[in-house]
Amino acid sequence: MKKGVMRTGHIQIRVLDLDEGLAHYRDRLGLLEMDRDDTRVFLKGWTECDKYSVVLREADEAGMDFLGFKVDSDARLDELRADLEAAGYATEELPAGDLPDCGRRITFVAGTGHRFELYADKVSTGRHGVGHHNPEAWPEDLKGMKATRFDHALLYGEDLASVYTLFTDVLGFWLSEQAMDGEERIAQFFTCSMKEHEIAFIKQEGNTGAFHHASFYLESWQDVLHAADIISMHDISLDIGPTRHGLTHGATIYFFDPSGNRNETFCGGDYFFPDHPVTTWDAEQLGKAVFYHTRELNERFLTVTT
Amino acid sequence: MKKGVMRTGHIQIRVLDLDEGLAHYRDRLGLLEMDRDDTRVFLKGWTECDKYSVVLREADEAGMDFLGFKVDSDARLDELRADLEAAGYATEELPAGDLPDCGRRITFVAGTGHRFELYADKVSTGRHGVGHHNPEAWPEDLKGMKATRFDHALLYGEDLASVYTLFTDVLGFWLSEQAMDGEERIAQFFTCSMKEHEIAFIKQEGNTGAFHHASFYLESWQDVLHAADIISMHDISLDIGPTRHGLTHGATIYFFDPSGNRNETFCGGDYFFPDHPVTTWDAEQLGKAVFYHTRELNERFLTVTT
Amino acid sequence: MKKGVMRTGHIQIRVLDLDEGLAHYRDRLGLLEMDRDDTRVFLKGWTECDKYSVVLREADEAGMDFLGFKVDSDARLDELRADLEAAGYATEELPAGDLPDCGRRITFVAGTGHRFELYADKVSTGRHGVGHHNPEAWPEDLKGMKATRFDHALLYGEDLASVYTLFTDVLGFWLSEQAMDGEERIAQFFTCSMKEHEIAFIKQEGNTGAFHHASFYLESWQDVLHAADIISMHDISLDIGPTRHGLTHGATIYFFDPSGNRNETFCGGDYFFPDHPVTTWDAEQLGKAVFYHTRELNERFLTVTT
Amino acid sequence: MKKGVMRTGHIQIRVLDLDEGLAHYRDRLGLLEMDRDDTRVFLKGWTECDKYSVVLREADEAGMDFLGFKVDSDARLDELRADLEAAGYATEELPAGDLPDCGRRITFVAGTGHRFELYADKVSTGRHGVGHHNPEAWPEDLKGMKATRFDHALLYGEDLASVYTLFTDVLGFWLSEQAMDGEERIAQFFTCSMKEHEIAFIKQEGNTGAFHHASFYLESWQDVLHAADIISMHDISLDIGPTRHGLTHGATIYFFDPSGNRNETFCGGDYFFPDHPVTTWDAEQLGKAVFYHTRELNERFLTVTT
């Protein structure tokens, strides 16, 4: 948190059918339905204190509308907006309430075509079921995979170099891990917290705004197994897993929501402090870097929604 | 990390016999022996990037010599020293190398009698056995409990009010959790990272510099069970556990090194972001707050080394 | 299964209030309510194929009414009855249906005052929720601790010698583990399957028909932690744990139902084959044999219902 | 154990290079090297009481030499030999010591071309490192995947019908699970213990004596993850996993020894009692039956050594 960005705070995902999408994210992933408006549903994981972190919007095409980062004060929004403008990004301010229960947001588009936004305020509802006064260990009413929080996102794009400058210089993230093809950085993982990544990018030519996956944190490797079981029980489309990543070493499953958006549920993995050396994977080891056990990329790894 | 303090970086623990102490921390906890000088041994957990985090010093009495916090730049040392002085703390600067492989340190004594220090530089040796270039998931040569890192410390003291101001105002930590006896804060947990606590204090009258425990992070609850097994196999003095704390919800064991210093090995538990509500436990629930399953303090909970 | 006894098949437990008892065994342990009659409720764990394994009966005093062993054929009942009579046991036959959905039962009282019975037939309802045709991995509607099966019972008594002969010679069980006080066997664990124990006895003078605990199997050590959490959340009286036993090495919690009957939920532990050496614990090590981590018996360990 | 067969007791596997094979089974799987003769190495898992369960023999072709079942008494050997002969099997007796530390063996070839044998005696060395007198929970000197025991084998073959009769009628196993293609049984899982399978057969035309895998039991799903990590760390050829089977519901990895023999390490899964209904999978669901998460057979599933 070099410049006040605390974490990846919310994501708006497009689904082809809102009811079907809600059933997936609520009943299978185990997110909590917190609110609705005409076209959207607002959800979160039970350990998250803010009111929501995932917004599902019904649309004709799957993909990610935007990813929002929460900053530590309203004043930061103006500072960071100035820094973004100075770096050549066109920014726009969306007023408080444009996203329900959320304060004003500064929105802009990165060189990879992804829309990001910054916000400082959101209604806090506290930890679900347990609260913050003599809190029990966990709530007993969780469903499905019992996702504890929206954790991070992985995006694909062409212009990774400008995104590198954007996240490190302008937004004050740290580079935690990278994959290098000679001198070219083909994968870059950024964090502003102790998580090994709050957001990551992998090089893919010819795509704009490509969305690889939204990731949700589970309590344990036991829960990763149970998540895979739930995928089978409900005929959810599996990508890969249970397995482990080389990058970050998280223990993971990739699968798809009914609209084709990829989800990840994972546990464990490395942690970050700002004085940690950057971890580097060689391009020749990219298979192992991504899927540590099979040591090769699967075909579907190139599939994205946009 | 409001004012540049990154984490609890090292602790110097007094042991009555250095060889015996080393055997405990290295062969039972599974820390790595990194270096020695005439009177001390330097160790760390395998995931820690800096050269060491635990210093064992042979002495006639057990206890903690000091706890050190790592800050994000050398310049921070001067800023924080000035802030400490302004807040009425007498500070002293120890030159680089006074602690081997460590840069200059600013040392001071808190109102509870504990000696703390700040430092910005230490030799980085990277993650043990795996490094940072195409790193494997974990090293195969770990021993005993396979402690991954020195995580935090719990201290006892009388003047919790001044320590509250010291950590929140002067050093820029956040209060994550507390126990309240009416208006009095009898337990206070502070963090400067995503960990639920980097350091914690519990009220105990009449003691100065009292050291409750140093805590080490394990990969999983399975490892907590195995740690308890190792305690039994080697006739180590057990305090309590495996169990869970109410405060932070970490899954834990307390036990003693051969000199009577309490250790904790734990996994899991809550995480922190600066916008999280403070978690409050009522004094009447202190038993459950500390030992979530038994719901009562054990006698030994009052035992400390100083 | 030397003489056709397959396993410990059911237990009838007396509770002071049937609704309260049912709420405990169903909503906290996670057994399934399968049936009721005027005075009793019939339950089972989800992996058990027979219709029920636990019978709760409302009574003025807690304790165990009887423990039933299932044999592999109706003909065995007559053979074993003859063997029991030949060994001096007075037996009685209870007709089919006396216990609903259960075939005829041969009942007798052991030298320790415990009532046991043998039966060969019970209505089979199959694995709950998943069945036996393309079965999913587990059912999603489980509650509380998600107990998978009634596993075994531990009883206290004075005349362990006669019980030894009863179980090994007459009923064809094997002795898997024992604790020896000189030449006297003060703990004896018997099995007729691959479980390390189907039934166990510990020496206690002056008690008749003393019931120490009924034990329920959980999927994993993660589930043992969650069981302990549920104990706390619902103010259930905890005896000890999570911990491990030395005898059998199972990972365990002891706690009490609302009537004071002790329950165990556990996972793992050793397995048995008939050619395995008997495991022996010395009386001086009884603390470690029972509670492997604390290495001492707690006061409550002597408490039983009858 | 209807006719005295206790378990799958040993397997002799052919490897192309004995040192390389030993390094794999000892240092990666974590079996213990117990003995050697001129052409063979004898190993076992640490929980096994008999001296060895896996025999590696150097040969020009990989595959399984024979699989041995341990029976509960020497007299059973003669009874079962007579039953085998009566059923049309040519049997041979190998004298005690032909296999070192093992009593006389009755050997025969099944309709699928697999060589099986029965034996009643083998030198017992007890549980490795802990023994049977005040035994600790586990030994601290285990390597690699820490395989606890040789558990079962899966074989491929054409004449499954005769094998069905052989195992159920002649050897007294129970059928626990099956896959049915209309009226034809294309997969059959047999047990004589509480394990869901001691041996299994899957239909494959045109192959004789085909060896699919030897399976080793691990303590937990955490250990399955670590086993997969070790596979990656040592560039072992992975087949599939970590994942779960539908049949038996065990949580598993398949991989290959340096000679191309498939190994499995797994944990959990269903248990068996003789009164359990047979579990049936439909041929159309065979993908899910074998690999519960991907729900499809991989190409390599057809690969065997012979």
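Here are a few things to note about the model shown:
In order of appearance the chains are A, B, C and D, and numbering begins at 1 in each one.
By our rule, a residue touches a chain if its C-beta (ideal position, glycine included) is under 8 Å from a C-beta of that chain, and two chains touch if they have at least 3 such contacts.
For clarity, every value in this text was computed on a predicted model and none was experimentally measured.
In this structure subunit B contacts its sequence twin subunit C using mostly the same residue numbers, the overlap exceeding half. Among the other chains, B has the CA centre that is most remote from the centre of subunit D.
The distance from the centre of subunit B to the centre of subunit D, each centre being the mean of the chain's C-alpha atoms, comes to 48 Å. Here the spacing of subunit B and subunit C, counted between their Cα centres, is 43 Å. Here the spacing of subunit C and subunit D, counted between their Cα centres, is 31 Å. Multi-chain contact residues of subunit D (touching two or more other chains) are listed as 137, 220-222, 229, 232, 244, 288, 292. Within the complex formed with subunit B, the subunit A residues making contact are 1, 6-7, 47, 49-50, 70, 72, 124, 126, 132-135, 137, 193-195, 219-221, 244, 246, 249, 268, 270-271, 273-282, 285, 288-289, 292. Residue ranges of subunit A in contact with subunit C, taken from their complex: 136-138, 140, 144, 220, 222, 229-230, 232-233.
Residues of subunit C touching subunit B in their complex: 221-222, 225, 228-229, 231-232, 238, 241-244, 251, 288, 292-295.
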